[in-house]
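Before I ask anything, let me first share the structure, which is written out below as C-alpha cells.
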Amino acid sequence: MVLASDIQVAQNVGFAIIALTMIIAGVGVIAARNVVHAALSLVVVMAGAAANYVLLSAEFVAVTQVLVYIGAVMVLFLFGVMLTRAQVGKDAEVNNKNAVVAAPVALLLFGVLAYVLLKGFSDDKIAATTGNGAKPQDTAAISDLIFKPYLLPFWALSFVLLAAVIGAIVLARKD
Amino acid sequence: MLAVDLPYWAQSLLRVLGGTVAVLLPAGTIVYLFLFKMMSFMQSRLGPMEAGPYGSMQLFAEVGKWLQKEDLAPDGADKRIYRMAPLVVLVSTFLLVAVVPFGPDAYFTNFDAGVFYMLAVSSISTLGILMAGWSSANKYSLLGGLRAAGQLIAYELPMVLAVLGVVIQAGTMNLQQIVVKQNSDSIFGWDGLGNPYILTQFIGFAIFMIAVQAELTQTPFDMPIAESELVSGYMTEYSGFRFLIFFIAEFATAGVFSLIASVLFLGGWGVPFSWFGWDAATGSVDNWMNVAGPIIMITKMMVLSGIIMWVRFSYPRFREDQLQRFAWKVLIPVSLLNIMLTAILKVAF
Amino acid sequence: MSDDAATQELAALPGDALREGVVQALRDALGDALLDSLIKPNDDVWVRVRTDAWVQAGHVLRDTVGCDYFCFLSGIDWMPSPFGRGEDDPTAPAPERDSTIKQGYAGGDTRMQVFARVTNLSKHFGVTIKADVADDAPAIDSWIPVYAGANWHERECHEMFGIGFNGHPDLRNMYLPTDFEGHPLRKDFPLLARLVKPWPGIVDVEPLPGDDAEEGEAS
Amino acid sequence: MTDLADRQKLSYIAAQAADARLNVELETEGMTLNIGPQHPATHGTLRIIVRLDGEQVVWAEPSAGYMHRGYEKLTEVRTFPQVTALVNRIDWLGSFANEVPFILAAEKLMEIEAPPRAQWIRTILFELSRIANVGLFLGDLGVQLGAVTPVFMAFRDREHVLNLIEGATGGRFHPNFDRIGGLKDDLPAGWIAETKQVMKKLRNFCTEMEDLLFGNEIFQSRLRGIGVIPAEVAKQYGLSGANLRASGVDWDLRRDQSLPLAYDKVDWKVWTHPDGDSFARCWIRLQETRESTLIVDQLLDTMPSGPIMAKVPRIIKVPEGEAWVSTENPLGEMGYYVVSKGDLGPFRVKIRSASFNNISIVPWVLRGVYVPDVISILASLYFILGDIDR
C-alpha cells in the first residue's frame, strides 16, 4: 500500500473523471443504436486517452493521439459513415446477436491486457515534472529514438504505408 | 514575475479569463471593424450607424438579438448531436488559443510541442462541423458538412507542411521559443530587424495564409457555406445562440489563426531584441513586455485578419473540385519544395 | 406598319418574293396539306396546314425554309367568350351574345387551333404556322422531334387549352396543381373574379394631350 | 488548367455519362435535392429538382408555376391601354421594356405610328430599363459565385438609373408610361444632362465589374467551359438575347428587324461570343450594358423635337387582325401575338417571354455538371421568375 502523501490528489481525481467518462463512452460505442452516435462515443474515448497521456506527462503522444485519431481517423470514419448510411435516428442493423459471443471475448481480452500491464508496470512510477517545463520524455528524445536506433523500422513502415495507399488507389479506380 | 507570486487558483482564474478575452475580443473587433465597417466601405455604404457612435454598439445589439431568438431544432434532427455541434467548434477555438504566447510570461501554457498541438486541436472543429451537418437532417447541411470535412482535411496538410519550414528553421516546436528565436536572430549578421520568418519563409507564410483562409471556410474557399448555393451549408438550420456560437467561433478562429501566423512568421509578441539590448538566452526580456506584448500581438493579428477579410470580400468562390485540385496539385507540392529548400539551407548555413 | 422610314431596311430585302418563296416551298413539300396562307407584304406571313401535316411542315420550315429558330408554340380558342369581357354587372341577367366562331388569318375550320412561330435568323423573317385541332378530341403531333424547345410550350398549351400532343413524353401541368380541372385559357372557362362583382376598370379613360373634346361617352 | 476546348469536351462527356447513368438504372442510391422554391440562387420561386450522384447532376427538372398570374387570361378582360399595367409586371426589373412590344403590336394593328420624339424617348427608356436590369445581373452574378461586393455596386449604380426612370415616368419599378400612339408625358427639364452623367457612371461601373469580376482567375475558372450550349441547340430551344449571342449566333432584334424605334439612327455594335459557355453569356451582358449606355448617349444627342403623341381616337378600338411584334428585351426576345376582333380589348394575347424559353433548356444543359455549377449556369442564363410564369 502506498501512503496517502505519495498520491497526487489532483491527478488522481482527474484520472477518475477521465476514466469514468471513457468507460461510459466505451459502453456507448457498443450500445449505441446509431452508427454516428457510436462513432462519436469513440471520439470521446480517444479524447479520454489523450487526456490520460497528458496526465502521464506524455504531451507529445497526447497531441499525436488527438491529431491522428480524432483529427484524421475519426473524421474520415464519420465522413464515410455519413456519406453512405447517414440516416438520423435508430438503426436496426447496428446490433446483432453475436453480443453473446463477443462479451466473453472482450472480458478475456480485458483480463489478459490488465494482467500484462500489471505484470509489466505495476510498481513503476512516472517521475513528477520538475519545475519549469522539463519533461521526463521530451519531444527531442522521441525524435532521436525514431531517427537514430529505429530508423530502419520507421522506413520499412513508411514503405508499407505507401504501398497500401497506392494499392487503395489502384483498387478504387476501375478504369 | 507576476505569475509566480500568485496562488495556483488565481493563476488558473487569470488564464480562464484571459482565454475568454483572447477569444471574444478578436472576434468582436474583427466582426465590427472588418465585417461591419470595412466591408461596408468597400461596398460603398456606411454599415451600421444607429447603435452607438458610428454603430459601435451594433455588435451588442446583434448578440442581444440572437440571444432572444428561439433555439430551434428541426423535427427530424438528431437533437443531442445537433445541440452539441456548435460547442465542439467553439471548444476547438478555446483549445487553440491556449497555446498562443502573448509575452515573455503572458502565456496560458508553454507546450514543448506547441506547433504540433495547435495543428492537432484545429482539426477538432472539423468534427463539430460534420456533426452539425449530419444531425440537421437537411440535405444542404449534409452536403455542406461533407464538403467542409473534405476541404479541412485537404488544407490541414499544406498548413502542416508550411509550418514545418518554420519548425526546421527555428529548430523547436515551442511557440515561445520560436518568438524568441525570431527576435534575437540576425539576418546575415545584421540584427536590426531580428529575423522574422516572413522574410525567409515567405512561401511558407503564403501557403499558411491560404490554408488558414480555407480552414476558416472564408471566400474563396467557402464552398461548405456557400450561402447562395447550399444556403449556408452546415449552419442552415441553426438559429439563436447556437448560430451565434458558430458565428463567434468562425471569427474567433480567424483571430486565433492570425495570432498563430503572427507568432510563426511575424515575430509574435516581440520587438527585435537588439533594439533594447536584450539577450533572451539569459532571460533578460523586461517585464513590461508582458503588457506591451499582447498589444503588439493584437496589432499584428488585426493586420493579418484584415487581409483575410479583405480577400473574403473581394473574391468569388472556388468550386470544390477546383479547391481540392488547388490543395493537392499546387499547395502541397510547393510546400514540400519549401521544406526541402529550408532543410538544405539549414544544413548549409 | 407600311410607312417609309421604318421599312427602308426591309425593302432592301427580297421582300414579298421572300415570303412567297416560303409559301411556295411549303406548297411544294406538302401539296394540298397546305390549306391556306396569307402574306402581308414586307411584314409577315401566316400559313395553315392540315393537322396530320404539322410535323412534316415543321421539318420543311426547319430544313428547307431555314427557319431553325423556334420562337413559340401556343393555342387559340376562336369561340367568343360566353361571359363577354367581364365588364357587366354579374347580378344583372346576362345579355345575348353572338357565339359564331370566326377564325383569324389563314382561316380555319375548328374552334381551336395550334399556332407556332419560327424564325429564319439569317434572312431575318419569321413564319407563323397554324393548324386546326379537332373539336371533339383536340390533339396534334408533338413538335419535339423538330424543335426540342417545343417541349415546355406544348406542356403549357396542353394545360391551358387541353390540346393533346401525340408523342410528347411528359404532359404534366406546369403552373397549375396536378388535379386542377378545366383549361383556363379556353373561352368557356370563367374568370371568376369578374363573375362575382362588377369590374370598375372600364370607365378609366384618361384625357390625351391636345384632346380637348371632353364629352366622351364613358367619362 | 485545361484549355477551353478540352473543358467543353469534358462537359460534353459528363453530359453523355449522365444520360447513360439515367438510362441504365442508378447503381448507387442517388440523392434528390430540391433547389427552391425558396432558395437564394433562384431569386424568386423557381424550383429545380436535381438528382445527384455524389455532387454530379444526373437529371434536373425545373418546376415553375409558383408565380403564375395568368396574364394571358387577364388580357382578355382588359382594354388595350389597361394591358400595359399588367405586362409591366412580367419582367419586373426591366418593366418599361415589356410595354413596348405590346404597344407596338397594337399600333401595328391600328396602323398608326408614334411621332419621332416619342420613338426616341421610348428607345432611351427601353435601353435604360435594359441597363437597370442587366446591371443588377452583373452584380448578382458575383453573389451567386460567392463574391458579395459587386452586388452592392450594382445596386448603387442601378439606383441612378431608377432615379432617371422615375424622373421621366414617375414610377421606379412599373412606369406604365407607354401609350398607344406615343407616350404619357414629355421628358422633364434637366433630364437629358443628368442622364448623360449617369451614363458616364455606368460605363465606370462596367469597367469596375470587368476589373473586379471578369478579370478574376477564380471567376473565369468557375464559368469558362461550364454549361456549354452549341448554337444549334440554342436555336432549337429558342434561346434569345445574350444567351443566343453567346453561342455565336449574330442575332439582335434591335438591329435585325424594322420597328418604329430609333435603333437604326445610331451607331452601335452587336456583341457575340463563340464559346457558348457561362462566361460568354455573362461577358456578352457586360458588353451590352456598356453598348446601351453608348446608344443612350447618341440618342440624347440626336433627340428630335415635336409632339410625343400621335392623333389617336379617344376610345381606342383596335381593328380586327393579328400581329406579332417582338423586341430585344433585357432578357431576350419578348413578343406579343395579339389577336384583335375590333373590340376595346384584345381577343387573345400570346405572351412570348424570354425566360420561359431560356429556362426550358435547363434539363438539357444541367446534365453532368456539379451542384455549384447548377447555380452558376442558372445565374448565367439569367431568368426572372415573372418572365417564366407570366
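Think of it as A, B, C and D in the order they're written, each chain with its own count starting at 1.
Simple rule for what comes next: contacts are C-beta pairs under 8 Å (C-beta built on N, C-alpha and C of every residue); 3 or more make two chains touch, one makes a residue touch a chain.
As the structure is a prediction and not an experimental result, all values here were calculated from the model.
Contacts with chain A and chain B are shared by no chain at all. Number of steps on the shortest path from chain A to chain D, with steps defined by chain touch: 2. The count of contacting C-beta pairs peaks for the chain pair C-D.
Chain C and chain D have CA centres that are 23 Å apart. Put simply, the C-alpha centre of chain B and that of chain C have 64 angstrom between them.
Centre to centre, using the average C-alpha position, chain A and chain C are separated by 75 Å. For this pair, chain B with chain D, the centres built from the Cα atoms lie 44 Å apart. Residues of chain A in contact with two or more other chains: none. Chain contact topology: the protein chains form an open path, each linked only to its neighbours in the line. Every pair of chains meeting the touch criterion is listed here: A-B, B-D, C-D.
Within the complex formed with chain A, the residues of chain B that make contact are 76-78, 81, 110-113, 116-117, 119-121, 123-124, 126-127, 130-131, 133-135, 137, 142, 145-146, 149-150, 152-153, 156, 173. Partner chain D is touched in their complex by these residues of chain B: 39, 42-45, 139-140, 143, 219-220, 222-223, 226-231, 313-322.
Note for the complex: chain D touches chain C at residues 64-65, 68, 70, 72-74, 76-79, 81-82, 107-108, 111, 113, 179, 232-233, 235-238, 249, 251, 256-260, 264, 307-309, 312, 314-315, 321-324, 326, 333, 335, 337, 339, 341, 343-345, 348, 350, 352, 356-357, 360-361, 364, 389. Here chain C touches chain D in the complex through residues 1-3, 6-10, 44, 46, 68-72, 74, 76-77, 80-81, 85-87, 102, 104-105, 115, 117, 121, 124, 126, 128, 147-149, 151-153, 160, 173-176, 184-185, 187, 189, 191, 194, 199, 201-202, 204-205, 208-211, 213, 216-218, going by the rule given at the top.
Contacts from chain A toward chain B in the complex involve residues 34, 36-37, 40, 43, 59-60, 63-64, 66-67, 70-72, 74-76, 78-79, 82-83, 86, 88-89, 133, 135, 138-139.
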